[in-house]
Every structure is written in structure tokens, then in C-alpha cells.
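Data block below; observations after.
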Amino acid sequence: MELESKHFKSLYKEQIKNQQLRSNLSKATLQAVDKRAESFEEVDFSFLRDEAKKIKQESITHLNEFLSQFEDMAQKNGCKIFYAQTPEKANAYILDAALKHGVRTIVKSKSMVTEEMELVPFLTRNGIDTVETDLGEYIVQLANEKPSHITTPAIHKSRKEIAELFHEKIGSDLNTDPKFLTTEARRVLREKFLSADMGISGANFLIAETGDVVIVENEGNARLSTSAVKVHVVVTGIEKVIPQFSDLRIFMRLLARSSTGQKLTSYVSLIRGPRAKEEKDGPQEVHIVLLDNGRSGLLGTEYQDVLHCIRCGACLNVCPVYRNIGGHAYGSVYPGPIGSLVTPLYYGEKNAPDLPFASSLCGNCTEVCPVGIDIHHHLLALRQEITSSKKSSLEKFLFRNYRKTMLRPGRYKMMGKAARLLSKTGLLRILMKSWTNERDLPEFPSISFRELFKSGRLD
Amino acid sequence: MIQDDREKIFGKIRSGLRGYQKFTFDRSSKSPLKTTLAKNFGTQFEKFKKELAILGGEAVVLNGHSSISQFLLSHIQGSAFIYDETESQFEAVISKIKKSREVKFSSDFENNYDKREVAIFDAAISTCATCSAETGTIVIENQMRLPAALATKLFIIAEPGDLIPSLDELFTDEFRNFKGSNLFLITGPSRTADIEKELVTGVHGPKEVYVIFFQP
Amino acid sequence: MRIFLFVPCFIDQLFPNVAVSTLKVLRHLGCDVVFPANQTCCGQPAYNSGYADEARLMAMHEVNAFLKFNSAVDNKTIEFDLKNDYVVGPSGSCVAMIRNFYPQLLSDDSRFNEISQKFSSRVFEFTEFIDKVIGIEKFSGKLNALVSYHDSCHALRELGIKQEPRDILKRINGLRLVELPYNEVCCGFGGTFSVKFPEISTAMANEKLKNFEETRADILVSSDTSCLMHLQGRARRSGMKHRFAHIAEIMAESIS
């Protein structure tokens, strides 16, 4: 499979020219950064992160045991479990379930895993009206685009663009007020909820101990997608399982804070199974589709902790690279710092040869990660894998010569002198085009520190 | 029938983890909260009220049945859906509401009711399993799902004993064994900030959330 | 107290005044400063670009260059005492390379494994050294200036230096420090990142410079010259006349 992320260099150059995009992103991400910081005032972030990391470590190093415990419990609770190695298989299973129940309309809430699977286009192609019901996802679906952020899918769009979109696609008045636009979406989507037969959701956590599926959201669309339907299909990755119900006291305090700076999202659904005998509503069937799609390949490697990710998006919000190029530049379902790990690790380095380099290694991502993923050091390690997989390149040649110079202080001194002389000619300016196109070179001194020191003038 | 990949995936997991150090975590019982709330209702209620207010919700303490019905009637314009448990616990309140508003009870609906019939209510009135002061969270257990998710306004009538200080008391054995197919946590009105990060309430769920603590 | 002065290669070649100022301040504070003349580059550019093997060789060279050298002054052999001597450098980034990454990089080499661990723990960034080892109260100065401070990401996150440079600046009479909005956001330098993705790198510089202009300060001070080189380069190109100065330069001026 070839991904767009292969073409990161041309994608980002296009995106970075878009001033509107950058101003939307800057406003939105910086607000999220501020709110996040504020929201941690009441709780001890480092304690929470430490606990969360250890819980995830326990989950992942015993993944087979916890998965099969989850499976047992969920089946006892009346859910159907389906394991899929590939998106194709997962898609086929869901289509099959929809066809069996004669489903015509599906309401779907947010799930990054379904983006990996390109599930919505797949179901639509197969004649099933499948609607994204999260406002951001709905906007992106109407625009025929892809989400550009893990938790705020339409972060790249301004209210004006959205108003024009709604006007064109659902006949709304040209009004840019977010309240108005939200009401318009509510109007259209409520009708979908009332006519849908199947709901598809993701899962934030799967609890091995109880078989519960935990879904966190703000709008109430996930609650409806999982309640106002005959069949509920949960689609998620195999790494989402956590051992105990009580572990939620840690994750519930971390996820919303990291994501949007809320102490808790408006809604949390813990779904244990289809409707019970005495219950009057809720789905009659709950299917849980567990996707691998490259995840198991990380087990036992130094990148295993990438599987700890709870998809909060904090690393995107703090990332100054993301802020300037937006999610679409990454050419992958998962953008930002975590995406620059997930994409090459799930889909192979060849699909994302530039992504691990597209970071200043400032480490802000690692600092805010609520589950302690060592994001920027992993990027560094991936850089090493990528360079050593290349047989030869100009860069390789340059670094070899650089090293040769640095191992010989005499040569280093001479080269330094030469460079300083060269700077007087303007030739260096041309050689350093990638620097000088948009930045001046510093004024080169006539003498280096070591020469000054040796001369005795500093005594 | 599509054959699933269970065995293949478990094989990959086992081989990936082979020889890898397994980690078992001895969980601490320490609370992540920097300060703990005093154990009295007054303090916990103030915290609950403050948190809910930040989100645009409202919590009140009312002393008599008549003041509760008054509160409800002043907030409910249209029809109301009333969960049966609420009627059985607060009969005097509900009987007053019944007199001046069109109401329906969960017992009015059969299994497999038409969901359009519950999409019309201005208000849903319910009791709750518990409320957590830390975040202003209401916990709903074993109830019809749709009326509370579709109404414009949600009213919870609780008793002081329903209030717990924090999420530490929620994610415990007691609630692990919840009744029914799901446990539902509600923290303020339905909201979104998907358009330019501007907060809008009442997206798909209730736009207004009220919690009334009945203190006789 | 004997200091082995660590002068990162680009400071040596392009910004000698930063090293001169560092030397001056350390001497002013009573340190005996020696300069191991065989030092070249710590290897960070190679390491961060994914060339660990090249970086490893440079790391070995650098450790050797510090452990034993002949003085440029009297040609006497000077050996590094792992218990008592210190390495001090005016760059959070290069110090982080030695302190945090050398031990990893050299862990598989039997000759360097142990010694690099010990050596690395003796390496300090300039401002943290003044704060933690010399004692900040020993320093005071006088300079009329309105400055803002830029945290380099490596000083901030790899070494955990945040308060030290600010506390030092506070000890300069007449100097006023105005904090940058979003002072923990990267300036966009990032080593080879700055030339691999120049558009992103300069966009990040623009944000930083905009925040700097908002402070209305005249000088942007940092403890990392690489960030300053990048920001100054961008500022000059956009017509900004502000001064960009290493904290050692400001300190040196404040005591002269």
C-alpha cells in the first residue's frame, strides 16, 4: 500500500502557503495549549502520567492475556467479537453485518481506526448511507476531505468556509455564527439518528476485567449512535485494552484535560453489552471489531510504547510544526508528532521517509504526552533506521567528511578558516541556499576563539 | 460467514512479546487530586455546583417538594419525560408537574418503542446513581437511554447521599457492578468547539442541565 | 575550581565573543579555566540527523580531547580529574548531547562505556553551573537594558533549565526582563531541520519574533547561540534591528 505521506515534502510546501489555514490552526491550537495547562492545576500531572504509563505497560506486555480476558467478558455480556488483521477484512465484516440487518442508514461517531480503514467511503460505495455525526467529522465529510486533527477534525476550516459549505450542501442560510451552523448540523443529523438502523463508534478504552467499551465524547452523538440503533458496531485497535475498571480513575482525568483542557468530557458511556431483557431501548446486537493493521508489529520493539497512545491530540496542539503546516500535510490518518511515529511504524518507513525528520526535536510533544511516550527520542531513533537503510546519498557523504574533519583538529581549524574566508566572497551564501533564502548568515569573524585563546590575548 | 483473524493476531502478539519482559503494575491508591474535599455535604455540594456552573449547568439545594416542583415548572416550557424511578421517589413533586404539563413516563413506552416518540420532549426528569463533585458529573445507571439523550433540558433530582467527592469513589467495586447494559456519565450540557474552537452547547444532547438536591 | 571550557564548534568559529564572554565571567567568578585545544564538534548535527555511527566517532574524539591535552599556554599535559574538574559550555544543546546522549551512544564500547558515564556527569551548561556549583549569589552586575529571554528547547527539556538564567539576569542591576509570550515554544532552528524544512523553520522563527516584538524589549537573550543565529538571521532579513545576545555576553558586559 502506498500512502500520500510519501510526498510529505511537496504536501507541506503547499499547505504552508495557506495563510488562512495557518491562522485558523494557530488560534485553535494555542487556545488548546493554554486550556490544557490550566486544567491540570487541580491534579498531579506527573503522578497521573506515571500511573497511566505503567497501566499501559502492563496492558501491552500482557496484551494476549488482557485481550482474551476482554473477549471472554464481552462475549459473556452478549457482544460479538471479530478480529481483523487488515482494514479490508474489518470493512467486509461490517458490510456483511449491515446487509444482514437490511441497514440503509448508518450513523457514525468519531473513530480514527475507521479512518485507517476508509470505512465510510467503503460503505457508501456499497450503497449504505453512512453519516459522520461528530460536528467536525460531518463538516469534513460534507467537504469531501479528511480530518486534519485527531480530536478536532475540521480545525483547518474557518467559520466562513463552513458557512459556505453548509449553504452549498444542506441549503443553510449564509450565516457564519458557529451557533447557527451547529443548529443546522443538529437539524440534519437528528433526522439521521431517528432513521438509522446501525451505529458505528470507536472506543477509547476496552476494560479486560469487565468487558466494557468506554466511549468519551462531548456532543452526545456517540451516545445516540450507540443507543438509537438496532445494531451497534464498535471498531477499535487491539491495543486499546486496559486491565481494570478502576484504571479509569487515572485515564478519565488525563484524556479530556490533554485533549481539550476539560476536566471531563460531557459524556462518557461505558457499554457492557446489548440491551438487557428488561431494558426498553439500546441496540439488540453489539459487535466489537478489533483491528491489528500493523500494531502487533511494534510489540517487542523499542517503539512498543507508541501503542500506549490514547489519541488525545495534545502532541499535535503543542507542536509548532503541526501548527504551521496542518494535518493534511502529513498525508496520513495520524498527523503531528505521534503521526510521524505511527505512520512509518504501522505502514513502513518507505511510506514516510521524511516524517521522522520533520521535527525540530523540541520535545514539547514528549512533555505533554499523558501516557509518557518518548515521542521525540523515538523520532530520533527512526532517523537512524532510515539513514542506515540507505546505501549512499550526498548527505551521507557530507556527514562522513564532516566527521573526518572533526576527528582532526588541524583540519577542523583549516576548514573553519576557509569557511570564514569564503563568507567574504558571497559564495557561501549561494552554497547555503536553504538557509539564506529566508535568513541572513551571521557576520563571520576574522578569527576563531581557539586562535584568540592561543594568541594569549585573553589572559 | 467471514472467518476472523483471531489466531493469526494472537500468534503475532505472542511472537512479538516472546522474551520481552512482562510488566506487572502494583497500583497505588493515592489520589491524583492535590487537595481532597471535606466529607460534608455542604462543601461537596459547593464544589459540584461550581464545576457544573463552569460548564453552563446549574445545581441547587431545595428543601420541600413544592419548591422542587416550582423550580421544574419555571424551567419547563413544553412536555416532559419522567423516568419511573423519579415518580416513585418524588411522587408529590411529579403529581404537581402532571397537573400543568404534558408528561410521559417510561412505563408508557413498550419495548421497541418508536424513537420518534421520545424525540419531542422539552425536558427529561430523572434520578441518578450518583454525582461526583470533582467534575460536576452525574452518573446514570440502568435507564431508558434515548429520552435523556434527546431532550432539550435534563433535570436530575438527587439526594444528598447521592453525592460523592471525586472520581476516585466512582471507579470502584460498587460501580463496577452496575446494573444494566451501560453506565452513563454526564458532565454538563452537550457541547462542541469544532468550529474555530468556539463553544456551542446543545449539539445533539441536552442544552441545559439542572441538578436538584432534595434536602428534607 | 578548575573548569575545562567546552566551546561548541560553531561558537568557536562564528561567535568567538560568546566564548570569550563565558571565559571572562567564569574567571571573574574565581574559576581556573583551561581550554582543551583538541576539541572540535560534539557530534550533535550528525546524531540528530540520524548518523549515529559518525556521531559516535566524534563523541570518542571529544571525550579524549577533554580527558588529556597539552596546554596551549605552556605545553604542559593537563589531565581531567573526574572527581574534581568540571566541563562548562555556553550551549544547552551541545551540553545535552554530551550529558544525555554520550552515555547511550558509547554504552556498547568497552573503552568508553564507563568513562563516558563519569565524564558526562561532570558536564554543565553555563547558567546551571553558575547556579548549582558556583552559587548564584557570587554574581552581580550592572547594565541598563530591557531584555527578553528565549529558552532553548534542549536547555529547557533535555536539561531542565528554566529558572537559572532568569535568576542570573535578575542579579544585573538596571536590567529589566520581560517574558516572551509562549516562551516554551521552539524557535524553529532544530539543527539540520532548519535547512531540510526551511519554510517551516522560518515560519516558526516568525512566530517567535512576533512574540519578541510584543515584549518591546531591545535584546533577545538566550543561553543557546544556535537559536539566536537562526532568529537573528530571520530578523535581519525582515528588517528588524534588535540585538540578539548570548547570556554570557550580557553578563560579561554587566561586570566590565
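Order of writing sets the chain letters: A, B and C. Residues in each chain are counted from 1.
Here is the rule we use: a contact is a pair of C-beta atoms (placed from the backbone, for glycine too) under 8 Å apart; a residue touches a chain by one contact, two chains touch by 3 or more.
Keep in mind the model is a prediction, meaning the values are calculated, not measured.
Under the stated contact rule, the graph of chain-to-chain touches is a line, running from one end chain to the other without closing.
Chain centres here are means of the Cα atoms, and by that rule the chain farthest away from chain B is C. The count of contacting C-beta pairs peaks for the chain pair A-B. As a whole-number value, the distance joining the C-alpha centres of chain A and chain B reads 29 Å. Averaged Cα coordinates give chain A a centre that lies 34 Å from the centre of chain C. Per-chain Cα centroids separate chain B from chain C by 54 Å. Interface residues of chain A, counted against chain B in their complex, comprise 24, 27-28, 31-32, 42-44, 47-48, 51, 54-55, 57-58, 61-64, 67-68, 81-86, 89, 92-93, 96, 133-136, 139, 152-154, 157-159, 162, 178-179, 181-182, 185-186, 189-190, 193-194, 209-210, 218-221, 223-224, 227-228, 238, 244-250, 252-253, 260, 262-276, 279-282, 290, 292, 296-301, 304. On the side of chain B, the complex with chain A involves touching residues 2, 4-6, 8-10, 12-14, 16-25, 27-28, 30, 32-35, 51, 55, 106, 109-113, 115-116, 119, 134-135, 137, 142, 144-146, 149-150, 167-168, 170-172, 175-176, 178, 180-198, 200, 202-206.
Contact residues of chain A toward chain C in the complex are 12-13, 16, 22, 26, 30, 33, 318, 320-321, 324-325, 357-364, 366-367, 380, 383-388, 395-396, 399-400, 402-403, 405-407, 409, 412, 416, 419-420, 432, 434-435, 437-442, 444-445, 447-450, 452-454, 456, 458-459. Chain C makes touch with chain A in their complex at residues 7, 9, 11-17, 19-20, 23, 35, 37-41, 43, 45-55, 57-58, 61, 65, 72-73, 153-154, 157-158, 182, 184-186, 188-205, 207, 229-230, 232-234, 236-237.
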